[in-house]
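Next up, some structures in structure tokens.
Note that chain A is present in both complexes that follow, paired respectively with chain B and with chain C.
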Partner chain A sequence: MRRDTRRKVFLSVRHALLSLWLLISILPIYWMVTTAFKLPEQWYTWPPTWFPSPPTLENFYVTWMGYQMIPRPGVVLPTINLDPLLALGNSVVIAGSATLLSVAIGLLLAYGVSRYQIIPEKRMFNLLILRMMPPIVIAIPLVIWYSTLRFLDTWHGMIIIYTITTIPYAAWMTKSFIDEVPEEMEQAAQLLGASKLRAFFTIVVPLIRSGIVATCMFILILTWSEYLLALVMTAADAQTMPVQLSKFEGASEGRLYGLQSAMSIGVTIPLIVIGILIHKHLVRGFSFGMIRRQ
Partner chain B sequence: MVQATPVRRKGGLLRWGALTPLVLALLFMIPVLLLQIYLTLHQWTAYLGPWWSAKFVGLEVFWEALTEERFLLALARSFIFAGLSTLLTLLLGFGLAYLLQKPFRGRGFYYMIFIIPMLTVPVVIGFTFQMLLYQDGPINQILSLFVPGDIRLSWLGDPTAAFASMVLIETWNWTPFVMIILLAGLVSMPKEPVEAAQVLGASRWQIFTQVTLPLLKPVILLAIILRFLEALAEFPKFWTITQGGPGTATETIPVYLYLTAWEYANVSHAAAMSYIVLLLVGTIIYFAIRTLLRQKQSLDVMFAKTEG
Partner chain C sequence: MGSIRLENLRKEFGGGVVAVANTNLTIEEGEFVVLVGPSGCGKTTTLRMIAGLEEPTRGDIYIGAVRVNDLEPGARDIGLVFQNLALFPHMSVFDNIGFGPKMKKVDPEERRRLVEDVARMVRIHPLLSKLPGQLSGGEAQRVALARTLITQPQVFLLDEPLSNLDAKLRKEMRAEVDRLHKELETTFVYVTHDQEEAMTLADRIVVMRDGHIDQVGTPLEIYHDPVNLFVADFFGSPPMNLLEGETHRENGAPSFRAGEFIVHLSGSVPEVEGPVTLGIRPEHMAVGDAGSAGDKDFSAKIVLVEPLGKDILLYLDYGSEKNLIAVVEGHRNFQTGAAVSVHLQQDRLYYFGADERRLRPAGAVRTAS
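This part shows the complex of A and B:
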């Protein structure tokens, strides 16, 4: 009897605590999303407006299409080159290419290390240095090197640096998947005369397909949200979404809440969706494959 | 895992395919490291001429950086920021993982919502918290519900409040990271030691401190190391929320380095400071990697056993 009530108390306390954290987790996202649907007069009210009434798409038209549905003298676009669609395109190309390259390189490397020790696993660990070093520390010489090469503000420049900085994640994450495939299967294929590369592509790759997809998504999250390097290495042509967003905020001194929220939604919601889709594998990515299950 | 077969076959084509990109990447980055050293030894201001005609000054810039108060304060602030936020994420993340460790209805839902903060783009987090912390914003409104009176704190205007806000925002952002890592550890932990301790009549607290915690040690260390180093490197949220202000209250190393190089155009000074930070963080990373390598075996054993 007593144990039963104690259990009930524990269960409701647990739900209460978890719900509290749920609210804390969701509040900022809720605020961003609802603000994107608010008309300017509801941006700074006291008490704050929790529900946009009436909800409007105005902010989306202004930021993404560049015109107002209802002309309003109060809303003036900040005077910067605002071209979110260009930035979106840049982000897709840069993050997408860097992701594919990085996963391809990482996958081969991981396979070589896992099966043939082309470099000792201990040595591969040193790759993590690349990821643990704060990027600001190498940003200055990197920018000078890039300007010497004329790589600044170009797609290929950004793709190269993002590929290099994400290889450690890609290699360790794919390695954790490869390590789970029993080696006997490839050995059998090789006995039947398949080459090492062929055994890899016809046996290992199909088996870890979902793992490769998860790795791609994970690297995409990293490259898409990267800010510092994009800020110092792009100007107009290759500007990515996060940089564009921050320039927009800087030009308007962060006071055009509705507009910047409408833009933020486009930057961040796709990533949240991707992340939730691969939530089972996230822990693997963030721990460099050292932890495998959620 | 099965002991990898000791065949040291060279790997042929695969070896070349896998190592060439790595070598190319390394070659591509070598000039960066050389430039770093060059800049540290020369006095170069970006708008006064090309970098190769900079004046050689030896270790002068280096000493200047090492003895500059603002730099040392930024360094201290970075470590305090990283330490505090790591501690908070660790406590909260552990609590959440503990509550989520046993399966129950709705667990998956909680998990998916809880990971949202770490999936949000940092720049977006910056703006969103600016809106939330605005004087007439929802945070002050919510606080007014619990504290008598109308709370109208200017969170980002007061030095201490701004620094505390940054720590809390970092905590909000990365608690899920610690949570998923510790949860994975708790779920994969072998059950026998706990059961054995229960049979021997150990109290819950004893089991927790003497069985669970030691078993979780590698996972906890992993979380601490990764979190601390990433907090040291945190830049986007600082830059979008406070830009180091008010005054220099939230000026951490990444912010100060960025300001020096890109706003004050004092590239040599920034490069020298970067070099000092590089050596310092490099030392930490050296020990971090050694620790991780040592813990990796126990991690591998722990997570290999539960492999489906």
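This part shows the complex of A and C:
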């Protein structure tokens, strides 16, 4: 009985802590979603308005479809310049291309290290050290370079810099998956007449498919939400969603929480949808050990 | 076509480790050769060099009349069964077996026929739609064999293929491998560290140690006429009894002494004075009751009786730290602690010098070879 009681106490404490953590994690999201449906009068109220009454779609109309806000006494109409659809398109193209490129190059690099030691395994760590440098350090020199190359505020400029900065992660993640594929499997394929390239694509790639998908998701989240480099290296044409999101503050109108929230939802939803679509791969990819040793 | 010739084959790994040292070996077409030795003796490296998965540091490899050093593994017309089988876990058994023909662009209809034929041959026909993860150890083994068989290589290489199976299954698969060799009549090179597997399967055994070949011969030659202490000790279960001591001659009568322990030797004894190791196989010792009549070389005490059914193993204390093991018929009755008399078959004694080499009596002809 005593053991049983102890177990119950332990379980309830654990549940209490987890519930608290859940609350802490979910509160900002709850706040974002509800604020998106609030009228301007409720954005700043104290005590806070926990539930929008009446809920309105006005914020979505204004941010996403370019409508003017309904004039109200005491509320200054915002004069900010938004182009969320362009920014969304930019984000999709830049983050998407950079992710695919980064994972493709990272995968080849990881394969070379794992099978042919093109970089000694010990030196693989140096790749990560690259990432320990604060991005702000490279931001300014990069702007100078990019302006010479006329890469500023372009898709290819952003794709290149995002690809380069995420390759270390892609290589590290995919290498751990490749290491799990016994070399004998490729050798068996080669002995049966497959070329090295063919063995890579028919044996290694299908076996680590879940790992590759998980890596893509990870890199996509990184590039999708990157702010600093996007801020200094884009202006109008190639501006991405995170930069747009920072525009909701004006001198006269203050912070426009409702509009910002409405846009935030649009930024978040694509990632959530992709996450749900590939969730089977994510579970397998992140839990490793997917290849059963015989 | 399927003969293999290794000439001065050498493999060094980084750090000056010599895995295989200047090996010469000729394997005839259709022969079943087993490379055997303790782990790290270079047998797997030799096999992998034949397969083309390791590049020799020096030396030449010929398959048939062709020097294959510069050929890719896939171009050498060999098949290799890996120790861990290396089945492709994401492909069905059918696709695993059909992988070779697919790479050779055999059309799907023909491929299906080939796969079904070879699957029938190794009796896995009902399993074709399963994934490797759903197979038992023995079934996976058969799939690995089938995947290699289907390409009809002129040389079969098998790298400890049975080491992951339990004892009963291992025996069953051993017979299966033997049957396949007899059916196919191609060259088999089989690597194992299990002397029993080597004895039962091989036409010829190649005993390797530390990158060198110690002895090449038929199983019976290896068993009855080992060239050195290592080979003698490696083959046989229970192993050969080895007694360290010295030979002496008094008035021309040779004897073997190890401390207090003395055995008078008769028959042909090598002309050596000084330290020797005396070897006798457990089945070449006769054990009788202490008081019984008959030949007796020395007395001993039974420390342990291990009945195996057909035979009994007796562990005998003869006054040294190590016990002797003798095999006697299973119906006899022995008690632990009893004193017994032991007789050695003098013509079955082996003598090894301090350098572990076999010492032969002057003028003796090698018996079996």
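Here is the rule we go by: the second predicted complex is superposed on the first by the 250 of 294 C-alpha atoms of A that agree within 3 Å, B and C clash if a C-alpha of one lies under 4 Å from a C-alpha of the other, contacts with A are read in each partner's own complex, and residues count from 1 in each chain.
The definition used in the following text is that a contact is a pair of C-beta atoms (placed from the backbone, for glycine too) under 8 Å apart; a residue touches a chain by one contact, two chains touch by 3 or more.
Model, not experiment: these values are computed from the prediction.
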(request) Put chain B and chain C onto chain A via the superposition and say whether they clash or fit. (result) fit
(message) Let me test your reading of the model: by the given contact rule, A:100 touches which partner, first (chain B), second (chain C), both or neither?
(response) neither
(request) In the three-chain superposition, say which chain, chain B or chain C, touches more residues of chain A. (result) B
(message) Just checking: does A:185 make contact with chain B only, chain C only, both, or neither of them? Give me first, second, both or neither.
(response) second
(request) Check the residue A:203 against both partner chains and state whether it touches chain B (first), chain C (second), both, or neither. (result) second
(message) So in the superposed three-chain picture, is A:111 touching just chain B, just chain C, both, or none of them (first/second/both/neither)?
(response) first
(request) Using the touch definition from the top, say if A:45 reaches chain B (first), chain C (second), both or neither. (result) first
(request) May I ask you to decide whether A:213 touches chain B, chain C, both, or neither, giving the answer as first, second, both or neither? (result) neither
(request) Check whether A:275 is in contact with chain B, with chain C, with both or with neither, and answer first, second, both or neither. (result) first
(message) Touch test for A:86: chain B only (first), chain C only (second), both, or neither?
(response) neither
(request) Rounded to a multiple of 10, tell me what angle the C-alpha centres of chain B and chain C make at the one for chain A, in degrees. (result) 80
(message) Quick check on the superposed model: minimum Cα to Cα separation from chain B to chain C, whole Å please.
(response) 6
(request) Determine where on chain A the residues touched by chain B overlap those touched by chain C, and list them. (result) 182, 195, 291-294
(request) Please name which positions on chain A make contact with chain B in the complex. (result) 11, 14, 17-18, 21-22, 24-29, 31-32, 35, 44-48, 50, 105, 108-109, 111-119, 122, 125-126, 128-129, 132-142, 144-145, 160, 163-164, 167, 179-180, 182-183, 195-197, 200, 221, 224-225, 227-228, 231-232, 241-242, 245-246, 249, 254, 257, 260-261, 264, 267-268, 271-272, 274-276, 279, 282-283, 286-287, 290-294
(request) Would you pull the chain A residues touching chain C in the complex into a rising list? (result) 182, 184-185, 187-195, 198, 203, 206-207, 291-294
(message) Under the stated contact criterion, what part of chain B meets chain A in this complex?
(response) 1-2, 4-5, 7-15, 17-19, 21-22, 25, 28-29, 31-36, 39, 51, 92, 95-96, 99-100, 104, 110-132, 134, 136-138, 141, 172, 176-177, 180-181, 183-185, 187-188, 219, 222, 226, 229, 232-233, 235-236, 239-240, 253-254, 257-258, 261-262, 267, 270-271, 274, 277-278, 281-282, 285, 288-289, 292-293, 296, 299-300, 303, 306-307
(message) Residue numbers of chain C touching chain A in their complex, please.
(response) 51, 53, 72-74, 78-80, 82, 84-90, 99-100, 103-104, 132-133, 140, 147, 151, 164
